[in-house]
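The same chain A turns up in both complexes below, where it pairs with chain B and then with chain C.
Entry: the complex of A and B
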């Protein structure tokens, strides 16, 4: 069995001044090298789960946390200052907030994390350009980060974290402002991250893409962890629709067909799988 | 290649000086301002007036005369206002009338206060404006960090100045939003004053929320990792620093010499 890289044990988290917890008794254990998709309606606690795993929920938001969050077997709170951010990259939901506010060009903005890690200045440029090519923002490098469109800022935000090459990536809705083409390209980047052996936690609403790319799905509702498991098993459960979760169209169609007596032996979650099933039938 | 482009030095030899060198020159200029305040001609700090004319000269020598014009545009109203109010309202202990027209009187005490305030503002603000216009916040903060300023302090210095720029941009966004809700932002002074609160509150609240999220941002950019920090685009010397400092020091020495002569006259 693969190593448990992140473990949550009975985590309940309440924001300061809030009357009820934003996360309720969540236990999860995440394996190294997998891509986890986190889904749930607005306000279900996805962002809160992300910042809790990073240790920001107690460090910056100063809420109260019960239970424990273990990163590589060690409690996040026991790590020394800065150690966690070396291991984990966090892309914020609002890309505007990800701008450091102290650099005048996108180039330097992306390099800012490298400066903080003490990378030699001569080596920075190459790393930044590589990431910029990957995220398709090369022509923006000399622009002011504040003068970008929402989608461009979103790519810059992702690039500025990817350039640090963290082992674990926590990415909160990286494609909310991107066009379909841009979204697809971000998912391709995320796939290469997985191929490099990184662990990725991805909050995303675009269920068809998650069906294609994610290894496992974690479903949240009202701060509770209501379901999780391999993508194939989770995204065919019709009862999730009652919790406001949209399932991939294709799995809904095959499920309806099955109910009407046309069983293809399995319920697919992506078009490709569906095509295969149809061919074999 | 981008880095080379961004590190390219300014053509003008004064504008391209190392920021710390400019900071030292600024310090010497402050000595001149202090001297001009002490030396009184006809019991007035008249030397402040020719000194304030050195500011445009410095801007021209730095090859950025346009920036001086924008500076004057910014401060002239304020400076005139301060001067007129002080000159007309203050009498001083033993009033010596200098000028009179109908009910307007100017006494020496008032003229003294008015001149002192107005021209000190022009001189001090002018020289600082010159520093920030020829070097830019980021270059100055890089130079300070290179001279051993703590990384966090450099961030605070820089983000404070940058925040002003960002807030200025936000004002326009908020103004648009509030206009759409029916808040009048154009018109006479009173209409504008009434729009002040619906613009300031979201501005300040936004800024405060942003400070909160900024902590997460910095953490995600490895800000608190304990190691030797580097700077991608460091501040650089252009080789004329020694000459510039020598010339500035000579000017200050001459001024001090002149002051001593004036004392012993």
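Entry: the complex of A and C
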């Protein structure tokens, strides 16, 4: 049994001045080293869940929280200043908000977090260059972060968090501005993070890719946690469409075929699973 | 009526960077066209030239019988409405209703009754009727995109250009978008959409233009495009699942949509 790295116990969160809670009685238990896909319609509470887990919801947004959020068994509020941000990296939905605005090159921007951690300058450069290679932004290092396209900014935002080498990564819609190739490359980077043993929480609408990459799926609707479990198990449930959830095309195709009398024995969610079923038929 | 013609059009930025190189295109009134291609392929620059937000540095752009170089952006935008990729580049009013009424009121100077009729229809179609008094900047980005779309619908141009409307949309958003586009199509409007979403392009559009490296590399039906492996490779586009599965089952090269795949498998039993 893997360790529980993040636990939510009956978490209800309400933003200041809001009449209704944004998260309602959420209990979740996340294991170390897994990649979790968080899905749900817009306004279902995905981003709020992310900021609640990393403590921003109470610290910066100053909303009211009932229940508890435990990171490695300890309440997120009981950690010392800075401890949580060393453990957890958060890539914001809007890359523009992530960029500090106080540095003039991408290189300095990525190094900014390291300066704050007190990393020695010679180590710093090495880490920045390594991460730039990994995220494919080497040729952007000397540019101004504000001159970049939306897709390039998303990569820089990801790099500036990865360079800090946090154990837990919370990544909110990292590919919204990217083309299919760029999207796939971000997913590949995220997969390598998992291989390095990191725990990843990923908010993403591109369900066909989540089907391939995520270990587990957490489904939210109107601030409630309505379903979670292993990716395959969750993503073959057609009734989720009624909750505003887009299912992978592949599972929908095979479910339709089954309804029309062509049963392949299982409902796949990935291309590889589908091709295997078609070959064996 | 506003047929679009791009005649050997190029665009070079002041710093010397060429974003679009010698593109020729013609789009008839009433067509539904998707433009696909990688980031940086020149898609946004191309559509901005149709709307006169950018003027070609070479070649000419015709909207109906107007050569865009002889008109202001405000004049051309009455015929070609452009919905920005980032709605925040477009929105500037304090309520959704004011934002949507701006075009009919200030640019078109319509009577109050007509402004109201058009704005309400636009809000209805975009699913925003219940949010008309809200501040657009307090709405989520995905909803702000619909505010930007509603504002253009209220101005009722002949040609609509959508720049990546699917980015960040959930299932409900995609359904609304499809509803809007089919309604515009019924009214005989031209709809030109930049998208990275292959499935959306296949299901919603009858013509697809593929751009790569500043040029149009292929222009055809979804069937023609998605069975042309060389084009897909050049533009870094993925082969749709339906095409891949049809090949695996040796169902021939005519199947492009998931529905066609399902029908063919069921038909063969």
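Descriptive notes on the structure:
As a working rule, the second predicted complex is superposed on the first by the 281 of 281 C-alpha atoms of A that agree within 3 Å, B and C clash if a C-alpha of one lies under 4 Å from a C-alpha of the other, contacts with A are read in each partner's own complex, and residues count from 1 in each chain.
Convention: contacts are C-beta pairs under 8 Å (C-beta built on N, C-alpha and C of every residue); 3 or more make two chains touch, one makes a residue touch a chain.
Predicted, not measured: the structure shown is a model, and the values here were computed from it.
With both structures placed on the common chain, the touch criterion links A:219 to neither chain B nor chain C. The partner of chain A that touches more of its residues, comparing chain B with chain C, is B.
Applying the stated contact rule after C-alpha superposition, one finds that A:97 touches chain B and leaves chain C untouched. When the two complexes are overlaid on their common chain A, residue A:193 makes contact with neither chain B nor chain C. Legend: residue contacts after superposition of the two complexes on their common chain; A:35 is shown touching neither chain B nor chain C.
In the superposition on chain A, contact of A:142 is made with chain B only, not with chain C.
Chain A residues 94 lie at the interface with chain B in one structure and with chain C in the other. The touching residues of chain C, when paired with chain A in their complex, are 37-40, 85-86, 140-143, 167-174, 196, 198-199, 236-238, 241-242, 244-245, 248-249, 258, 261-262, 265-266, 269.
Per the touch definition, chain A reaches chain C in the complex via residues 40-43, 93-94, 149-151, 173, 176-183, 205, 241, 244-246, 249-250, 252-253, 256-257, 260-262, 271, 274-275, 278-279. The touching residues of chain B, counted against chain A in their complex, run 1-3, 5-6, 136, 138, 141, 151, 155, 158-159, 162-163, 166, 169, 210, 212-234.
Interface residues of chain A facing chain B in the complex, by the touch rule stated above, are 51, 54, 56, 59-60, 80-83, 85-86, 89-92, 94, 97-105, 107-108, 111-121, 124-125, 129, 141-142, 146, 160-161, 164.
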